[in-house]
Structures are given as structure tokens and as C-alpha cells.
Amino acid sequence: AEITIAVGSEASTLDPQKRDDGGERAINDNIYETLLARTPAGELVPGLAEALPTQVDPLTWEFKLRPNIKFTNGEAFNADAVVKSVARIIDPNFASEQMSYFGTIAKAEKVDDLTVRVVTTGPDPILPSRMYWMKMVPATYSDDPAFQTEPAGTGPYKLSTWTRGQEVVLEKNPDYWGDAPSIDTVRFRFIGESGTRMAGLMAGELDVITNLLPEFVESVPKSAAVQGVETSVIILSTENEATKDERVRKALNLAIDRQALADSLYSGFALPTKGQLVNPRAFGFNTALQPYPYDPEQAKALIKEAGAEGKTVTLVGEAGRWLKDRELIEAVGNYWEEAGVKVDYRIEEFGEYLNQLFDRKKRPDAVFVVNSNELLDADREMSFAYMPNGTASSNNDPDLAAWVPAARVETDVEKRKGIYAQATQKAHDHYYLVPLLNMQDVYGFSARLEWQPRVDAKLLAKEMKVTE
Amino acid sequence: MTTAPATPGLATAADPILSVRGLSVEYEASRPGFWSKPTRVQALRDISFDIRPGETLGLVGESGSGKTTIGRAVLRRIDTSDGRILFKGQDITNVRGEALRKLRRHMQLVFQDPYASLNPRMRVLDIVAEPLIVHGIVRSAEEARDQIGELLRLTGLPRDAHDRFPHAFSGGQRQRIGIARALALKPEFIVADEPVSALDVSVRAQVVNLLQDLQKELGLAYLFIAHDLSVVRHISHRVAILHSGRLVEIADRDTLYENPLHPYTEALLSAVPVPHPRTQRARKRLIYKGDIPDVAHWPTGCHFHARCPHATERCSLQVPPLVRKAPDHQVACWHR
Amino acid sequence: MDAISEMPLLEVERLQVEFDTRAGIVHGLRGVDLSIRRGETLALVGESGSGKSVTAQAVMGLIDVPGRIAGGDIRWKGQSLLKGDGPRRAKDIRGKEVALIFQDPMTSLNPLITIGAQIGEVLQRHLGMTKAQARIRVLELLEAVGIPAPPRRAAQYPHELSGGMRQRVMIAMAIACEPQLLIADEPTTALDVTIQAQVLELIAGLQETLKLSVILITHDLGVVAGLCQRVAVMYAGRIVETGLADDLFERPSHPYTQGLIRSTPRLDDRLERLVSIEGAPPSLLAPPRGCAFEPRCPIAEARCGTEPPLAIVHAGASAACWKPSQPAWRDVPASAEPAPVS
Amino acid sequence: MAVISPAVPTAAAKPRAGSFSALAAELWHDKAGLFGFAIIVLLIVLAFIAPLITPYDPALQSVAARLKPPVWMAKGSWEHLLGTDHLGRDVLSRVMAGARTSLIVGVSVVLLAGSFGVLVGLFAGFKGGRTDAVLMRLVDIQVAFPGLLMILLIVSVIGPSMTTMIVVLAITNWMIYARVVRGIVLSVRQTPYVEAAEVIGCKPARVIFKHILPNLTSPLLTLGILEFTNIVLAEAAMSFLGLGVQPPATSWGLDVANGKDYIFVAWWLITFPGLSISVTVLAINLFANWLRVTTDPQEREKRFARAKAAERRRAGRTAPTPVEA
Amino acid sequence: MGLFILRRLFQGFLVVLGVTLVVFVATRMVGDPAQVMLPLSATAEQRAAFEHKFGLDRPMAEQFVDFIGDLATFDFGESMWQRRPAMDVIAGRLPNTLKLIAAGLGLAIVLALPLGALAAIRPGGFADRITVFLGLFGLSLPQFWLGLLLIMVFAVTFKVLPTSGYGGWTHFILPAVTLALPAAARLMMLVRSSVIDELNQQYVRTARAKGLRFPQVLFGHALRNALVPFITLAGWEFISALAGYTVVVETVFAWPGLGLTAMQAIKFSDLFLLQAIVFTVAIGIVLVNIVLDVIYKLIDPRIKLA
């Protein structure tokens, strides 16, 4: 059988280790594999490794590999391939954009043909999660320039054709080590406009479209949703005139009816955050926290009390990158205005938006971001938005500054969890963030397609089926 | 009735109001590229003549021969490439800017097309008063109303013409408005570029007569450009014949009409039809084959040699100079 | 004369043409009567706006919005071109049997087509010639109108020719199908005197060799004098006088004709003061009920308030005037008195 | 032969040509032009009083009342005549408010680009020679510059906003005015009455403003109006691409862009603003068409005559013989 | 003629140079590509490495000298977004856009010529009023709206044509129509008015006086002479389509063309790709202009190519 999947942007290369973009990932997830995998629900399971890794010492993890696996170019998958894959991706000259996932890895060592040790620069509790993200490439062929356009992996599919600007076609890998997939040919088409994608699905040209607008669930032949890895948040600055008063920050949190936003704007395909940015599926999620309540009266009162009535809050955001980003920003701003502040919307072009986001010296009062966490570990949110001097954070809480790095090297699972609980609680109590919604990924399917979408948002064709 | 026939010598006594000496004019025809030099066409070559106060010099020539160009050069509307223009003894060849604007008070132009030469959006009063305004003589048209009324009377326009627009007038009347405008500054010299060519025969006379009357009354000098030899005969004291950018003959009116020397003048005179069947049929007409030479590709030698029945080798090589054959008769031909 | 007994080639009867304008209806032609016989040369003269061109255009079927023929008839060899199946027949007559030359040779030729092709078109249309046949004939025609080096000229575009040459091309085009009638609408006004003489000579020559009838439209009485046998004078959309050229110039009957001749400057006379007809032609928006010349006529009287018919004044001459042949101006030559036909 | 001349009726009293009432009457007879004119008037009125009469604040969101269909549909209600958008804003109010944006952007761009282009054109046409050549070459370069790419570039440098858009559109649209004006100036300069003005000693400024400029008004008016339609469309396209007006301001293009994702569930989101653009542009085009003919005396006469001819043809069916006037 | 083309090529070269310089400066101001290209979480070292790799850490003047040097060899560096030579990216996209323009403009011309001529036969008549109204209507449709509408009707509802993408000839129909309609309307209105103008010319009277049949007057004379302004506008349509105005259509129909690529290049602050695109398009425009001049000359013998 043959299916067509629409993705928003085209892969710029098919080298699985080079770039960090969705178009490339969607395709290579079907061609390449990683040492560890996840079940559709998000649980770590063995992949190319025979079992979960064992920890030799705080810095060293040992992996046992499955035997008798070959890349589609004929090379064997063995310890050499793993060593090469690791060495390649962390080579500074290679300048992989995925380095942010693998910054802690020092090297990989071959023990024997089917045993590899991965060494980290410091204690790294989430190394297994990281290895779930690193695609294995063949030891020799990966140096060939042709590798960028003619991939060779161990996965269930291999590249058939790539017509630039139009489509990539994958066909079944006949020598796949695992269960043979039921779909023979997978066609990826690149369609940027969501309206056009919808049209394609309605016209029966497409089988799977991603980022389906929740409103359309009713109209498409079939749909499915899954708790996704993206969480929207507004980061408040603790320095700025308007938002340095904790009462104001609290008011801004209480002013928003998250449930209403989730129900109407996202037609229920989103959940109010539980008072934190950390993804509910991720390690480090604080189950003790409750969502900020919707209390417009108290919000108004707090604003008044803080003397912030009529003050201007600058809300920086962008449009078009994330699902309903502009609408969400406008809706939140609207709630805030009802609470009594004035909102200066700054919907910037993406480059300029990033400038503002990264500008450490001049933090905007409020910045809208959507955080995504593919590794499903709280470290991501912590270093992004919680820890002072994090990529996007706007507070200078000394506790958070100390805790987050500590947790990063804490290999004792329970202790680590404890530190994250402290950190999320502190941020919650001081209202550093306005966590908004945990988004769900909504997919539209053709009538014949059957598939359970995955938490990690991978589009794995081998799990799909069609009924004719 | 007029001063002209009885006293052809009268004007000679005075110094010329306008002297043109060796005038040449070139036009920029086109500029092939931004950086390249424009190609030039010679429109006039080595023109010399005088006009005395109160005198009319008729200028006749075929279309494209450069009549308008002479008028424009004399009025300093275009730059000369060679030669000098003296107005009342003063060299005006290179005046420009404010000095030129001042000069405009003394020399004026009457146009050929009575329809196109009046701004359709202005009242007659505004049109005629404009020269006075721009030279700071009056501040507004209304202030000049009486003065303009006098001009309108002089040019034979109805008294109520002031507040009407040009389109309400006939061709002859419009031409009178144009003349009134030219007279507003009391100039001594007027270039009239085919002022009657666009008018019907039945009204043509009105304008010609008006110009003559004004000359008598105000002592004006005219450069009267026309291609109609019959009209020129009635108004001019002297006549100059222009042929493709050169003067070929210039003479006292009666001399020229009765005793033309240049073969081109002869051809011209004989080609003019006479509105009388028997006379016309009886006339001996000189019809020369061939076309008028094109400015862009002037022939060498005498420009007329290709059509001239008397042409010899010499005519096609050397340009004949304008030589004086009689006290008031100059001609440019190797054979006369 | 033979020609006189023959049936007229073209007859125009009580032709009325009107133009719709926002200011009102312009009565361009107000009942024009005209006829021309085989081999005859007729001059149509009159002031600007008197309706000369409109008459020619009406004959050629070129009256177009805003104009329209409001009454009267045009007959070609006795058969109407306006009524019945006339309009259809007219399509084959125009361009073939009747041809027209326009005043302005500069704009009357298509600038993008070689003159050879433009002449050839007529031949292909009316004589069914092939392109190749037409090409040969074109060269003959160019030769006939006195254009040197026809093969080279035929391949040129209008802008490469001088005004006189273009007018010759127009003439070649007009005589291509050997028409019986040539209407020339001011064929020489745009040309210089010396070239004008050449063109007139050419038309006269062709008229002789091809036995053409010619209607020559002009306002230059000098041109008329040299070329035409008969003259029709138009004023304000009507013919006010017709007659043989020699007679008409010597003894103009209608005061307007008298005025016209009187105000035409002559090369051979020495009058120092030109004379003119005072006043202006009437507006054709609301033409007067009576004689249109009445306001300008020095000898007008009460009955001129009604329109005079075009009536025979003496043999071969008619005039639309209540007081024909009376000198309207004192300085009009004495010969204006009625005289026996010579 | 005796021709009895038909009685000629004196011209009936007519409104003076060119007078205001004559113009109005003419417009009244051209139904398409009248329609255009009416819509334009409506648009202008809307733009001025929209804030006073919109049923809701166009930026007022109501998350609870999202995507309500127009009143005539099954789930529609009288509260929102044209329904609501994805944020629960009233579509009718937004369409009304969008008129203001279109008008502001259109008028400002036309004025800005127009005045600059006119200045350049006047200068080039009047000075002539090298100045003319340099200026026109500049125009050429700008014309050869990939227009939309330029817009995209500038917007990404300065960031999108209404002001940016106005400036950018002005920068990329002035050339046409320069060319047209230069052409007219060159030809008008040749007309004898302008030459006459120079000969009597008018200073250049007077020549330009008193004698040349009046000739420009009607072609410029027509050009400006037609350009206005282009600007309305360009504004919409830019907003569609996300480079135009920024919220909470509204614009028809922005609304179509916002609504396009909802095309399958809420057709009214793109339909009403889209239709507004179309109708506005169509109306302006119709009016400009009428205006172009009206300001061209020759065309105007022809239009009149054609109308008369058509009238006569219709009348002719009942009375076939031509009536003698 | 050869000389003329040479001279025009030289002038064109200057124009292209000017355009490229403007773009060089403008692109440096667009934004920091390192921020845009790298993930939000990229470290400072990664950003520095990125900038170094593309030479963005050097002084502007130095970059500029290099840029000019490379220009001579048509080397625009590597697209940061696609990580392959910018010219390769363009080579892949430009043909698609050209094909789209050719299809759209061809359709527009095929529609405009006969309709415009038909309308001009009797101005104010029935056919004229219908075509003028249709023309004005076509002018008034925003392209993005039209495109979405067409997809809805023909691809989704009737399922007779593909919704989007590039492929066989069926894929061309909707985008080409969307591109063609406004252009066809503009061209049609132009044909109409210039044929009306030409029909009023004296030479048409001559043609009629010659007794030519109306079709020959219309097609052999009036329409033919109306071609000069027509070619001008058609060329202008081509140029503006080339200059990026296809981007709307490309966006709506997911057409892998240059306009869309330019949009993306800007979105990703891909300086090198952007420079290359502008350069290519400018060259294209210059070439089209030269071709137009030659066509003018072929149509109108009065035009001197000097």
C-alpha cells in the first residue's frame, strides 16, 4: 500500500545528524534508528540496543547492541557504527545543530563488536533519553558527500526518490530486522499552507496531515490527537517596571481563563498547565502543583493594589510558527486588559522576535514562547525558562540559579526529582512564568488510514496501516 | 493706405532694430546612449539679415526649411551654435536668465495656431494681463482691466471679451487675443510665425490688416513668417527666401516678386496657383522633380542643386554665398 | 458636351448628416445636392467646417458614431447606396469604383505595414489577386504615380517617405483598381507649394489617362482654377452655388462666392489691403432658418429670412440666393453682372 | 429644384456643459459608474464614522462566542449579523473597521508616492537633458528592481506595521507617476500656449504651476484612483503574507489571512473581507472608468453619441424611418 | 542591433550591480542568521561557530570585497538554510516559476487578445459591456482569495484537479488560472482601449475607404498596431511575476517556485540565498527588457534601436 504524508517544510538535507528541523526529522525517523526507542505512550524501550543501558560509573554507560543488523548500503551495524555516530555528531567541525541534545557526551568507546560505552563529561542522568535522539549512521559511508542526499539507515524504509521542492518517496526496506511494515511506499509532500494541506486531505490526495487545526476535527474524514511535547508560556521579567511587582505577576496569571482558552481556541485539544512549564510526561513534572485558578476579580484587585492599573505591559510574540500563536497572544492580552493593564502587543517578524528573546540586557515585560521538549526531561524547561541566564528566562532567583545546575549532574533519580520539585514550586510561588497550555498534537487522516499518534510526535510509517 | 509701397526707402534711414549675423543653429536629434554624445542636425547655417524699425521682413520657405527656428533663435528660445544676434545694437546672443526675461518686454511672438496658443483654462483678461503681471507692471489682472480693455479695442475684440474663455471665440478672434497679449508689453519687435496659416481665407485678411494697422500706429517691426507667398506680398517690405536652412534670396518685396533671381524662388513663385482659371491655365509653371532635402542628410554644395535645372558640377560641390546683386537684392546662386 | 447628356455617375440628393454632441445636434450637412458625370472634375470649395469632408465621408460610407446620415440619398450609377441592399453593394463599390484620398498623408497610412503591402491589400480585396500578382501590379502603380525605384520603395515603411511621396502612395492606392471616381479631400494642403504643384500635376495627368471623374475638395481657389471644370461652393452644410469654373470665377452669383473670391489674396495683384468677409459662419448646432449667409451678407433683405432654393441662375450655374448675381460688394469686379452664356 | 428646408428647432435649454449638475446627470446615466461612486462614498463615510457605528469593538474578543455563523445560517444569531471569527470578534464590525485601514493605507500611499513621483516627473520633464536622463535612469533601475523582493526585504529589516507598509508601498510605487508626469510635461511643454507663457517672460515656477500643472490633474486623478485599487490589493496581499497591518488593528487582507485556515469550517471569515476587497476595488475601477472617459473630452463626446445611438436604435424599432430634425 | 544589445547588456549590468549592492546592505540588516537558523536552545559557541563558518564574523567591508570577488564567478556561497550552493537551490526552483509564469501569462494572452478586440468592435455595446465588467471584476479579485476559492471548488468539491503541488499538467491548471485572471483582465482592458484608439486613427479610415472587410481592418490593421502597448504590458506582467509576485500563488498552491523560496530565505535570514535570488531575478528582468526592445523593433519599424 502507499500513503502520502504532508509536512510543513522541506528537508534541507537528509543527513540525519546535521540539522535540527522538522522536515528532515519526519523523513529520517523512518530511515534511521536510535539505540533506544519509545513506545507511542512515551516509555523508553530498547531500540538498536538489546536492552536499556547499564551505568558503569557516574560518567559511563554501557550499551549492548542487537546482532545481525545491516545498513541499507550493506555496512554492518556494530560498535564501530555507534562510535562513529557519536564521534561524528559531537565533532565541533561538523557543527551539528543537534548539539544541544548531546552537549554532555565526551566520547564513545568500543568494548567489543556489540558492546559500546558512552562517556559523559559530567554525571548525566538523562543520557538514555539523549541516546533515544541520536540516529545511528554507517561507519564508512557517512563520510561520503553523497550521504547527505542518499541516506542509508537501518530503519524500516529506505529512500526511493527525492524531488527537491516537491516530495520525498520512501520504500520498504526488504532487509529490515524488525517486523515488516504494512505500508510499502511512503510519500512525503511539503505543503506550507495549512489551508492547502486541509484541501489536500479533503480531496483525498493526502493520508496524514500534521498540525490539524482543532476546529477541523469535525470536518476531516478522521482525526487523532495525542498529548504533545509543546507547552505555551509567557515569560515575565522580574526586573521591569510593570512586572517586577509579584502581585502584578500573580494577577496576570489569575486573569487568564486557561480552560476556556483550551476549550474554545483549541476545541479542547489542549490542557491547562498545572502551574508549571514542565511537560506532564516529562521527568521532573511536579504532580503537587495545581493550575493557577481563573479569578478575574482577584486579578483586578491585585492590579489595583499594586498600583499597576493602566500601566502598559509589553507583550512580545510572533505569528505563524506555532499553532494559533497569534490568536493565543491576542486572547491572553485581552484577559490582561480586562484585569486593568494596558497591553502593547509586539508581534514581531521571527528574526526580530528572536533578537528580543535572546537579548539578555533588555528583557521585554512579557515574551510569548512555545517550549517543546522532545527528550521529555525537565532539564530542558529548567535551562530554558527557569534558571536565571537561561536562554529565555527573565528572573534572577539565586535559588534557581543554584538548583538547576545541581540537578543536571545529580544521577540519583529521586534526589533529582526532589530538586525539580523545589524549583517548580519556587517559580510557581513567585509567578515568574505564566504557563498557559499543554498542547495536543492533532492529526488529520484519510478515511482509510489507521494509526495511533505518538507522544514524541514522530511520524513512524511502520506503525501505520491502511484499510482498503 | 499703408506706408509700405510709397516709401520703401523710409526704413533704411534708421539703424536696424535687429541684426542677425552668420547665425547657425543645431538641434540635438537623439542621444543614442546616456554617455554618448547626441547626434546633431543642422537646422540653420550662416544666416544674416537686418530688420529696421517699423519694417516687416517676410520670411518664406518650405516646411522644415527652418523658418520657425529663425524665429525661435531671434527670440532666444533656443541656443545658437554660431553667429551673433544684435537687438537695438546690443548683443543678445548669449543673454539668459533674468536678463532674458527683461528682454522679453521688447520682443514678442505671435503663434500659428490660434487654438493651441491660448491656455483654455484662463479668461481672456488673464491671458492678456499675464505679461504685465509677470513683469511686475501690475499686481493682478483686475488692476489691468482698463489697460487690457484698451488693447482689446485696439485689436478689434468685443468689449465684453474680458471674462470669456478662449473657446468662446472664432479662430480670427483668438488670433487677435494672441496679438493683444503680444502687444501688452508694448514691444518694438514681433515675430509672427505663420499667424494666418490656420485661418480661413475669409478671415485671414482681418488679421493681416490688423497687423498692418498696428505697425502703422505703434511703429512695430515684424519678422513675418509664412509659406503663403500671396499673403507675404501684402504685408512685407522686404522678403527673404529660406531653403533647407539657408537664405537663398533676400530682396525688396517688389524686386523679389517681379525679378526673382534664384531658381528656387522662381519655382516657388510659379507654383503658387492663381485663383483665376484663364490666367492660371495660361501660366507657365516650373515644376521641378524631386523632394525637399532632409535636414538630417543635407546634400553638399547648394541644397537646391538636385532639383535645379541650371545645376552644374560646381553647384553640387560648393555652397554659393549670399551676394549683393542690387542695392536691396541679395542672392545665393552660382549662376546669377 | 457629351458628358452632360450622360447619366450622372454619382448623385447626392438632399443629404443630411447629423452629429450627436453633448452640446446638441450638429447639423453637419443640411441637404446637400451634388452630382458628377463621367470624366468630369468637380471642385468642392468652402470655408472650414462647411461640410466638405463630411460629404466625402458620407459617399465613402465612413460616417460613424457620433455622426449619422439623417436623410437624403446617395446614388451610384442610379442605384441607391443607402436604401434596400445598397449598403451591401456599397462595400464592393467603395475602394474599387470610388476611391478616396485623405488630406493628411502622414497619418493616413498604417505606420507598421510596408507601403507595398498596403497598396497590395486593395488589389487582393477587390480584384482577387494573389499576393504575388499584387506585388507586380504595385510596382506598376508606384511607377505610374512617379515614385522612383519602385521595388525599393515598395518594401519601405511610411515613415521612410517624405510627405509628397506618401501622398503619391495614397494616390497609387486609390487608383489601384482603376476607379471611376476619385475623391481627393484636400490632397495638397499638407504639402509645400512646389510639391503641391507636382501632386496636382499628377492628378491631372491620371485623370486624363484613366478617364477618371474627380471630386477635388479644397479651400484654395487657386488650385480649383487650374484643375477643375465645375465648382460647387459649400456654406454651412449646404451647396450654395455650382457652376462651370470659368464662369464662376468671373461671375460669381452667390454673395458668399463673391466674398470668397474677393478675399483670396492674389500673387499677381498689388492691392495693399486685403479684404475679408466680416463675421463668422453660423453655428451648426442651431442653423438659421433662412439663408445661412444672411448675417454676413451686405445685401441681405427681409426675404433672406427664409431659405433660398438652389435655383438655376443661368446656363450651367445654380445658386441658392434670393438675389443671385447681384454684386454684394462695391469692389467686386463688374463682370459680376449677368451676361449671356458664351 | 426646390428644397424646402426642414424646420430647425432651436437648441433646447441644456445644463451648461462641465457644470456640476451636468456631471451629476452624466454619472446618473452611467449605472456602473454610479454604483462605483456610491460604494466609494460609502467607504469614505464608513472610514470616518466606523468607530461610532460598529456594533462591537472590532478588537473585542469573546472566546465563548467563537466562529458563530452569519445570521441567516442555522446557528446564526442577530447578535452577530455576519458571524464571528476565531477569536469571537464580530465580523461585521471588523469589515467596517477594515475599510478605514484600506482607505488610510490607500490614500497615504497614493499621496506619498504620488507627490514624490510627480515632483520627480515635473523636474525631469521640465529640466530635460541630462537631469532628465539621470532621473529616468533611476526610475528604470527601480523598476528593474525585483519589486516584491524589495518589499519583503524592507519589511524584514524594519518589521511589519502599517507605517512600514505605507512607506514600502510608496517606495515601490512612485515610478509610474514620475513616468506619466514626465510624459505629459514633455508633450504639454511643446504646446504653443506653454511656449507663449515662456515667451512673455513667465518664470519657470509660474509656467509649471499655472500652465503645465492643470493639465496633469485629470490624468493624475485617474491614475491615482487606479493606483489606489492596486494599493488596496497590495495591502491585502502583504497582510495575507503576514507583512502588513499588525493586530489589534484590522484590515481586510489580515482578516482573510487569519480566516484562511478556517476556510473549511467558517467560510464567512474569508468571504466577507475578501468580498469587501473585491467590491471596493471593483467599485473604484468602475468609477475610474467613468472618470477617465469624462475627463477626456473626446471620449466623453463619444460616450454621449453612443448612448444616443443606442437610444435611437431602440426607438428605431418602433419607428423605422429616420426622423428628420 | 548587435551593438544595441551589447550596450543594453552593459546598462543592464550596471542595474544588476546596483540592485545587488542594495541587497547586500539590506540583507546584513535583516537579522542575525545564527539566531534564526539554529534552534532556540543553541549555545553561544554554536552560534559563534555558525557565524564563523559563513564568514559573518568578519568586518562588513571585508565581506563585501569577497562578495564582489565571488560575484564574478557567479558564486553566491552556500545557502545557510539548504546547506548547498545557493545557485543550485535557484536552479532547482527557477524553472518551476518560469513554467508557472509561462502557463499563466500564456493563458492571459490567449484570453485577452480576442476578448479585448471583441469588446473594441462596438464600444458601449453589449459584448463590450460584458467584457469590461468581467475585466474589471477580474482586476478586483485578490489572488490569494481566488486561489483558495478555486481549490475549494475544483479540487475539494468536484475533485477534478489536484489541490496543490507540482507535477503533471493537471497541476498547472489552477495555479496558472489564478495567476492568469488578473493579468488577463489588465491585458484585456489594454487591448480594448488601444484597439479602440487605433480604430479611430486616420489610417483605419483609409483601410475602410479601401473597401477592406471589417475583420481585415480589425485584425490586419488595428489589432496589429495595438500590439506595441500590449507587448509592453505583457512584458511588464512577466517582469512583475518574476519579481516575486508569484509568491502568493506559490504559497497557496505549495508550488516549489522561486517566490516561495525567497519568502523562506527571508524567513530564515538566508543572506546568501537571498542575494543570489535577487541577483538572478534582476538579470532576468534586464534580459526580458532587452528582448522586449527587440520585439518592439520587429513590430514597429519606426523604432530605432540605438
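The letters A, B, C, D and E name the chains in turn, as written, and every chain counts its residues from 1.
To be clear about the criterion, contacts are C-beta pairs under 8 Å (C-beta built on N, C-alpha and C of every residue); 3 or more make two chains touch, one makes a residue touch a chain.
For each chain, UniProt lists the protein as follows: B, C = Peptide/nickel transport system ATP-binding protein; D, E = Peptide/nickel transport system permease protein.
For clarity, every value in this text was computed on a predicted model and none was experimentally measured.
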Chain C and chain A - chains in contact with each: D, E
Any chain that touches chain E and chain A: D
D-E or B-D, whichever has more C-beta pairs in contact: D-E
Most widely separated chain from chain C, with each centre as the mean of CA atoms: A
Centroid distance [mean C-alpha coordinates] between chain B and chain A, Å: 90
Rounded Å distance, chain C centre to chain D centre (Cα mean): 48
Distance from the mean Cα position of chain C to that of chain B, given in whole angstrom: 32
CA centroid of chain C to CA centroid of chain E, Å: 54
Chain C, residues touching no fewer than two other chains: none
Residue numbers of chain A (touch at least two other chains): 193, 195, 199, 202, 349, 351-352
Of all residues in chain E, the ones touching two or more other chains: 30-31, 148, 152, 251, 269
Chain D residues within the chain A interface of the complex: 61, 63-64, 66-67, 86-88, 155-156, 159-160, 242-243, 246-248, 258, 260-266
Chain D to chain C touching residues, read off their complex: 1-8, 10-12, 14, 17, 300-302, 304-306, 308-309, 312, 322, 324-325
Residues of chain E defined as touching chain A within the complex: 30-32, 35-43, 46, 49-50, 53, 81-84, 92-93, 96, 148, 151-152, 155-156, 159, 162-167, 251-254, 256, 260, 264, 267, 269
Complex interface listing, chain C residues touching chain B: 47-48, 162-165, 192-198, 200-201, 219-226, 245-246, 249, 259-261, 263-268, 270-278, 280
Contact set on chain D toward chain B in their complex: 133, 137, 191-193, 195-203, 206, 211, 214
